[in-house]
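Two complexes come next, and they have one chain in common, subunit A, joined by subunit B in the first and subunit C in the second.
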Partner chain A sequence: MKRILAVTLPLLASMALVLLLGASLWSIAGSQTPVNLPELLAGKMNESGVNHPVTAVLLNFRSYDTLLEIAVLVIAGITGISMARTASLEDPELRTSDSLLYALQRWFIPLMLLLAGYLLWAGADRPGGAFQAGAVLAGCGVLMRLGGIPLGFLRPGLLLRVGLGLGFAVFLLVAVLSAMAGEAFLAYPPGMTKPLIITIETVLTFSIAMVLLALFVSAPVNDAGAPGEDDS
Partner chain B sequence: MTPSLLYAFAGAGLCGIGMFGFIQLRHLLRKLLAFNLIGSGTFLVLVGLAQHGQGPDAVPQALVLTGIVVSIAATALAIVLIRRYFHLSGHTSLEADDSDSGQGGAE
Partner chain C sequence: MITAWLMAGLLFTPLAWAVLCLLLDFSRGRLVSCLGITVQVLVSLGLWVAVAREGGFLYGLGGWEAPLGIELRVDGLAVTFILLTAIVAGACGLHASVYLAPDNAWYRYFWPLFWFLWAGLNGVWLGGDLFNLYVGLELLSLSAVGLVALGGGINALRASLRYLLAALLGSMAYLLGVALMYGQFGTLSIAGIASLLPETQALVGPGMAMALMLSGLALKTALFPLHGWLPPAHGIAKSPVSALLSALVVKASFYIAARLWLEFGHELGSTAVAQLIGGLGGAAVIWGSWLACRQSQLKQVVAYSSVAQIGYLFLLFPLTFAVSDTASLQAQQGMTLQVVSHALAKAAMFLAAGNLILATGSHQVAGLAGVSHFLPFSLFSFGLAGVSLMGMPPSGGFAAKWMLLQASLASGQWWWIVVLVAGSLLSAAYVFRIYQASFVAKTGVDDFYHPPGSLEVIPLLLALMSLGLALVAEPLLSVMALSLETGGAP
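Now for the complex of A and B:
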């Protein structure tokens, strides 16, 4: 009886949630929106410095979100590293060596690096941009890590710190400098928009890849003798 | 009723499934997955609802893109924390006794 109640109550609660959400969705969908955002955006596109609306919103019109996002990422990365069991994130003992992976990544890594560069560049006028490129770059790093390639920059030190903080630091620097030059905080000076956006996207790519890779690497590894953890 | 609205309703459904899983499941990784399901449902609602009236809208799409990146980082951090917790305590759920685990419990 108690067990049935323990299943039924959450079931009823979540069904009520779905019904409530559905009803409010229905009423929102039926009402007229006061602002036509796509039209507003299309009217401002040639001020944004890029040709793709999503990139324009991310890095120009709502760059506050992106700035705070990279801040969240850096904090998550630092927390992850400080939670790691191992003193060094890049220990020769932690490398695996698998000949199949090694052969595979000789083909894959150049291609993935190329793809990351393309995605970064494509963000200006089609889907793509810093986050996609950073994710591909991080995947590349994960593959290298699994294949046993030494990743010296993951050792605690200057390179790791710079890599984690670079994107946020450059973004914040641009924001503060443009504020000091007389514009609003995070408003790029006219004429400099495109180069600034490309610079920020590039450093963001590196930092995002670095954070994701650090989070992957810092999951505690298998030397603790814990049950079910050391059979790899 | 447009296809975009269907996405929004699917998102609401995902929110419900995720909420049920989040309450009901014991294993921390399952809880994390259920929580991610709620997040994905929210993204679907945001994009689908905005797309319903006036075609593709870049503003919610950009917000959802930001949200996806943050949720990836948060998930990875949660996994690091869960593994650390498992190493320290040996438990996979927050309750100390796993003996009375119900359906889909801690096994």
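Now for the complex of A and C:
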């Protein structure tokens, strides 16, 4: 009886939620939105410095959101490495030394690096950008790591922390410097928009890849435990 | 112009300090952070004075105005909470700089997470955009989860993972609501949606969105019966972290829920919903206090007391729905005072509890036996904070409950008075229980560790502030009431 209830109740609740969501979506689809944001965006595109609306929103119109999102990624990276045992980052048992994988890598890695570069560049006028390029770059790193190539910079030292914070720091610096130049915060000075956005995107790609890679490499548990409050 | 610089200092100092501290170790991070705390307190005070003088204003980031860009809303309530954050987070940071052992390699990550947490809090208080608030909440939740897990063993990891899952579920529900709102109105600005709502015919979509957002936020605020994640997480974290979480982090999600209710509640709420939320708040007060009386561990008592005190905040919902303007204003003032006084009192309580645990080396309430004789100082701070939680005059807790009481009477909802009285009696019971344990004479020898004086002074100052809050309630409430309409925007 209890088991049946444990299955039926969540099922009924989810079905009710889906029905309600469906009803509200139906109602929303039937009405015109009073504010037409895409049109407003299209009108301001020539001031944005890039040609793709998504990149324009992410790095110009709502750049504050993006800045904070990068901060969230950095936090995830910090939390990940803060819980890693130092030794496990260099654990040789976790590496494979498969000769086929190694041979394949010599073909794949350059291609993947090229793809990451392309995605970064494509962000200006078609889908792409720092997040996608960073993900590909991180995938590249995962492959290298699994293939037994030592990635020394992933040791939890200063270099790793600089890498994690670099993209965020450059973004923040641009925001602050733009204010000193007399514009509002996060407002790019006229004429500088495109080079600044490209600089930010490039360092962001690098840092996003670092965060993802650091999360992959760091082991989740430290069983050493700090003395003090948690031994209850 | 000066206000724009203050704003920028407020938002970007914590972020810059986070990056800076990421590169340093714990001891150097401590030096840098003390400087940062000073800057933040001064900037927050400056902004508070500026708003008190000239009224609130809107600040478009990147030079773009809503709905295309993100607008921050700097009004009386926001600056009050910013100042509160500066005081409480500053105190917790200073306490942590002495409390945490500098030779522990993990604590190097404390300062970056601490500053990101602060940035998230400031972002939430100022947010005037639904999606921006979501990002602020994420910043806050993830750094809070990181802080709970920091340097802890398997138990801390378990509690923080539970916290993470609850927080993520809450965020997802909120985000779904935001998406529905955007689908209906085509804008994310709260003020924009509020001005469009009265003309909207089809309220099914926005109503569903409101329900999703409020349930997500209730989960993140640990409203009864969704409070299960809070006591383990707040109980196991290091004491300065527990203080930050209980005093400030849970208030952020409540603040968003309150803002949404006050802006959209007239059109999207109903008496049934308002009474339901108030009822859950009332149940939280009773149930949380009752469980606090029954805990055997000191920090669990304080954590369950947070569940109870959060319950009072949710009385805002029924007390502002379909009532007279005076009753609604009283309820809002009561809510603000409750947030401020609980933040000060609970931070003091957790920091004092941390000192007591440090002194006795035991997490149990029973382990406090004999401590009153040799360590009266931390126990005194704990008791002063308790006075505010019980709601005895002239504490901030008293002023808050008095306002809520008047609002209940003015709106004819007498049943909330039962909750207020029962909650106060039960909180007196759990505070006295701690005292009873500490006055048990053990042996005549002082074998307790004596924490450094700075650790004892910080909770005492916070407790005194919470105690004297009612004396400065008048100027505080007059600034809080400064909305955008009354002040001239620059």
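Just so we're on the same page, the second predicted complex is superposed on the first by the 211 of 232 C-alpha atoms of A that agree within 3 Å, B and C clash if a C-alpha of one lies under 4 Å from a C-alpha of the other, contacts with A are read in each partner's own complex, and residues count from 1 in each chain.
Here, a residue touches a chain if its C-beta (ideal position, glycine included) is under 8 Å from a C-beta of that chain, and two chains touch if they have at least 3 such contacts.
Please read all numbers here as calculations on a predicted model, not as lab measurements.
By the document's definition of touching, of the two partners only subunit B reaches A:10; subunit C does not. When the two complexes are overlaid on their common chain A, residue A:25 makes contact with subunit B and with subunit C alike. Once the two complexes are laid over each other on the shared chain, residue contacts for A:72 go to subunit B and to subunit C alike.
In the superposed model, A:122 makes contact with neither subunit B nor subunit C. Within the superposed three-chain model, A:37 lies in touch with subunit B and with subunit C [touch as defined at top].
By the document's definition of touching, neither partner reaches A:198: not subunit B, not subunit C.
In the overlay built on the shared chain, the residue A:164 is in contact with subunit C alone; subunit B does not reach it. In the superposition on chain A, contact of A:172 is made with subunit C only, not with subunit B.
Shared-chain residue A:142: touches no atom of subunit B or subunit C. In the superposition on chain A, the residues of subunit A contacted by subunit B and by subunit C overlap at 21, 25, 28-29, 33, 36-37, 41, 61-62, 65, 69, 72, 76, 79, 83, 220, 224, 226, 229. Contact residues on subunit B toward subunit A in their complex (touch as defined above): 5, 8-9, 12-13, 15-17, 19-20, 23-24, 45, 49-50, 52-59, 61-63, 65-66, 68-70, 72-74, 76-77, 79-81, 83-84, 86-87, 90, 102-103. Residues 4, 7-8, 11-12, 15-16, 18-19, 22-23, 60-64, 67-70, 101, 104-106, 109, 112-113, 116, 119-120, 123, 131-132, 135-136, 138-139, 142-143, 145-146, 149-157, 176, 180, 183-187, 192, 196, 199-202, 204-205, 207-209, 236, 238-239, 297, 354, 357, 363 of subunit C are the ones that touch subunit A when the two sit in their complex. Of all the residues in subunit A, the ones that touch subunit B in their complex are 3, 6-7, 10-11, 13-15, 17-18, 21-22, 25, 28-29, 32-33, 36-39, 41, 53-54, 56-58, 61-62, 65-66, 69, 72-73, 76-77, 79-80, 83-85, 131, 135, 208, 211-212, 215-216, 218-220, 224, 226-227, 229. The touching residues of subunit A, when paired with subunit C in their complex, are 20-21, 23-25, 27-31, 33-37, 40-41, 44, 60-65, 67-69, 71-72, 74-76, 78-79, 81-83, 86, 158, 161-162, 164-165, 168-169, 172, 175-176, 179, 183-187, 220-226, 228-232.
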